[in-house]
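Okay, so subunit A shows up in both of these, paired with subunit B first and subunit C after.
Let's look at the complex of A and B:
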């Protein structure tokens, strides 16, 4: 009985731990293994070496996808965090109808990326959306055709992604702002700090953990971004807005290149790890130091 | 205690026992309008023969979602009885060892499929180096069609073009009048569809075969290929700015409304005209794209996997026999807009375009112009096909020169194969 009491938490955790160990970590290792095989239509298990990685990096399309990933991730995170913080600070000024406004900004998050992508595809389409509207009301030389211009289409994905996610980041920062002790702000004001320096010098630095959550969420949203690309541009025009996740799905299920797709999945996995792991490590270490 | 167990077993097993006979689980992605209706015919036939049809429709992504499901099932050693697979992918599955021992071959031999199908179509249906049937064809789609708005053409004195130069002249004339000459949705597969029709027309039948059936790198890098890309660049100029990403049926709608004059698309586009109540030669024209008796085909088919259990094998045999049935081939293809794969189906009930398709098919077969569509996965390994498609769509949607495109094309094909 005593044994049961002592081990009950472990017993309760065990099934979900087992499931995660198998379905997340197990399959990560499976994918790593497959990326070293010659698998085409179906998985094969004879090892082939690292040729799939050579093939992957010799494909121009993969280079386009990786470049787009960096453009998208960097812009997406910077813009989301910036807009999120500004909105949160503005909402934090004890304004009227805050609940109502907060809901409006948060609402895009309730939509799936597919809906966002489809809506923005119509808004940005030159013969249906903004461009046509502006031309119809008299600005005949107005052009806004990023969606159909190779080289610019990736930025339309940034626009739609930021529109979708910045409200959520605002909510996270708002919660963070609310947890800051009023006394500190009052003390700072007594010492003669202006509102700007209160925020930039005191409050935002205190919100490190909030930054961490926001950035970790945004990084994985960015790297996983598949449905938004599919709904908005489907990787087009041509292959100009291709992303690694789209590339991977195409190779695995459209082109019967499971080995190559696994190799690209591992590259994505390493990219995420390379960004998130050091960040998490430094942040968690800092917390340990504090203790 | 024993009695109770037997009673429980009896109750549990009763439903399964009453379904004895033939069973078939069929994976497909024909879930929209005409396609679903067409498939319903097969389901009804199957049920009428006392079989149990387990439907496994996986919609979305032009079959991508279905492929994911199918692969998961095969890896789990639980393949469905039949799946909607076409072209060289049939033989690719055979090489993976999941098709043998070719359960339906006996049916095919008994019914004499060799005589009912043209040699070319039969070739796509056979595994084991062409020795045994392992798939059954349902239809033949033609890819190289021009669809045109009759009113727009007639009022501008334009006839259906018989050469690409003629098309260019007509398109220039239309563009000057503010009509979009070519309704096109610039998605990779649509770009490839246009590309292969242009390649067939400008390069000719032999060239097409060398380039897209044999994947001959020298042919892919030839000066003829430069000319083909030049024509693609011209065609790009005949599309409207809203073209990238547009769905094919929206483009068909533009032709119906008279906003655009032509569309180059396979004969499933006919379904859109029919659904709007429009008739060939009254409201719209259908004609093959300019080529020397060429005919690009896409044959949809069902592959039959290795499967265990007598009733399941019986189900496969029944299904294969029904798919090749005369009545099914007729009704299905009238709904689908294609023509029967089986040669002896009377064409009386089909529309004008289908009759033309059937007649052209026979001429093309005699003159060596009957060729598999690469854009629709009837030839080339999927990886090579994808590599070509990438270059075609990249060229079409950018300012890349034809020379660069040709260089990229041969490099990409080399890398993929």
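Let's look at the complex of A and C:
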């Protein structure tokens, strides 16, 4: 009885711990293992070495996917962070309609990527969408057919992605700005600093942790981005807007290449880990320092 | 102070006031432009959903419909009435409801108990366990898709709502535990200590003391889980097909099923239907929604 009482917290955690250990970490190890085998349609457990990774990196399609991921991630981060900071700073100027504006800036975050993709697919479609509107109001030579142009369709994913996620970045920056002590700003103003230099020289440097969080989240979102690609371009035209997440699903569930799919999944996992592990380490260290 | 000095001071004040006014206006214009950027797609979706295909071809993206035509909403929800290849949302909407309710409840309860045990009943190694949960919120799900689909097969619950409930509870657990843990850690240990001295046990303290003060974090957790599960596409598309699919999968199928003629009005009505529940939650409880987003971002 005493033993039960003493260990009750552990017993309560145990099922969840077991579930996570099995379904998260056990599964990741399974995927790592399979990536070292010759598995095609069904898993084979005979080790084959790292050949799947060589195959993966020799595939032009994988290179397209990685290159797209790179373009998407960079633009997605730059635009979201830029828009997020600008909006947060402007909203922080004691605006009367702040609540209302914030609601408008953030609502896309409540929509799924499938809904977002569906809407933008309609807006950006060349025959009846924004192109036709521009032509109707007089810009007769205006063309905007990125959605169906290989090499350009990846940028439509950026447009829709930024629309969906930038409000969220605004929200975390706004929360960060609100936690800055007003006294610091007052003191700087008394010393004669202008409003712009107060932000660029004093406040933004103080928000380095917020930048870090924002970037980690955005990278993580970008690497996982699957739904938006499917709904907007389905990786097309051809494979021109392919991304690693789409590549993985294709290989795993349509091409019966689960060894190769596992290798690509592990590449994604390693990329996320390379960014998240140092971030979590520094965050947890910060928390320990505060104690 | 001389007459002259007062004069210049007044002028200075006046010019700074005009400057302030211009500055305010520029501010509002920029904010307004951004508001337009965010709101326009929703406006386009709504007007398109009420147009006939004829109006869509004749007019442009932003033109208003001639009349409130509800036909496309009817088709999006109920289908066209013929059976072969008819895709509509009704069934799948209820699939998602049947999925979301149990998955949100189970994962939230487990998360609350875990968070409580990890913060108020510290034991050796608890911080490592927390770390496992924390890292679990970041993993790309592609790394678990294949074994998960095999496991669901072994358990005999592949292509079923039950399978999806399991998946969402398992991977939602990391988030719910994280949220609750971060909340409970900010609550003073003294209350728990006092209750323990009075002889209250693990569950008594949880139900009598912790749960009554947990409303804020439970709302955040529930909204987060609801949004994540309702909006999920990857798990739904991977583990279900046909009549068992959740709403986002159905929406995507509907849009992609190009029966030669694109029905943009129906697509838009369907997209609004699929986005409606989360949008409503956001409008009604936006404060908690944002808190969840930021709680999920500033981790640790």
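Note that in this section the second predicted complex is superposed on the first by the 259 of 291 C-alpha atoms of A that agree within 3 Å, B and C clash if a C-alpha of one lies under 4 Å from a C-alpha of the other, contacts with A are read in each partner's own complex, and residues count from 1 in each chain.
Basically, a contact is a pair of C-beta atoms (placed from the backbone, for glycine too) under 8 Å apart; a residue touches a chain by one contact, two chains touch by 3 or more.
Remember, predicted model here, so these are calculated numbers, not experimental data.
Judged by the touch definition given at the top, the superposed model places A:126 against subunit B, while subunit C stays out of reach. By the touch criterion defined above, A:90 lies against subunit C but remains apart from subunit B after alignment on the C-alpha atoms of chain A. By the document's definition of touching, of the two partners only subunit B reaches A:58; subunit C does not.
Shared-chain residue A:49: touches no atom of subunit B or subunit C.
Set against each other, subunit B and subunit C differ in how many residues of subunit A they touch, and the higher count belongs to C. In the superposed model, A:233 lies in contact with subunit B only, and not with subunit C. Within the superposed three-chain model, A:280 lies in touch with subunit C and out of touch with subunit B [touch as defined at top]. In the superposition on chain A, A:109 makes contact with subunit C only, while subunit B stays out of contact range. Of the two partner chains placed around the shared chain by superposition, subunit B and subunit C are both touched by A:249. In the superposition on chain A, A:205 makes contact with neither subunit B nor subunit C.
Residues 43, 121, 128, 234, 249, 252-253 of subunit A are contacted both by subunit B in one complex and by subunit C in the other.
The residues of subunit C lying in touch with subunit A in their complex are 27-28, 30-31, 34-35, 37-39, 41-42, 44-45, 48, 56-57, 60-62, 110, 113-114, 117-118, 121, 123, 126, 129, 131-136, 138-148, 150-151, 170-171, 173-174, 177, 201-202, 227, 230-234, 237-238, 248, 251-252, 255-256, 264, 267-268, 270-271, 274-275, 278-279, 281-283, 286, 289-290, 293-294, 297-300. Chain contact summary for the complex, subunit A toward subunit B: residues 40-43, 55, 58-61, 121, 125-128, 145, 147-148, 150, 233-240, 249-257, 260.
Subunit A makes touch with subunit C in their complex at residues 5, 8-10, 12-13, 16-17, 19-21, 23-28, 30-31, 34, 43, 83, 86-87, 90-91, 93, 95, 101-115, 118-123, 128-130, 132-133, 136, 163, 167-168, 171-172, 175, 209-210, 213-214, 217, 220, 223-224, 226-227, 230-231, 234, 244-245, 248-249, 252-253, 258, 261-262, 264-266, 268-269, 272, 276-277, 280, 283-284, 286-287. By the touch criterion stated above, subunit B contacts subunit A in their complex at residues 64, 67-68, 71, 74-75, 89, 92-93, 95-96, 98, 186-188, 191, 240-245, 381-383, 385-386, 390, 393-398, 408, 412, 415.
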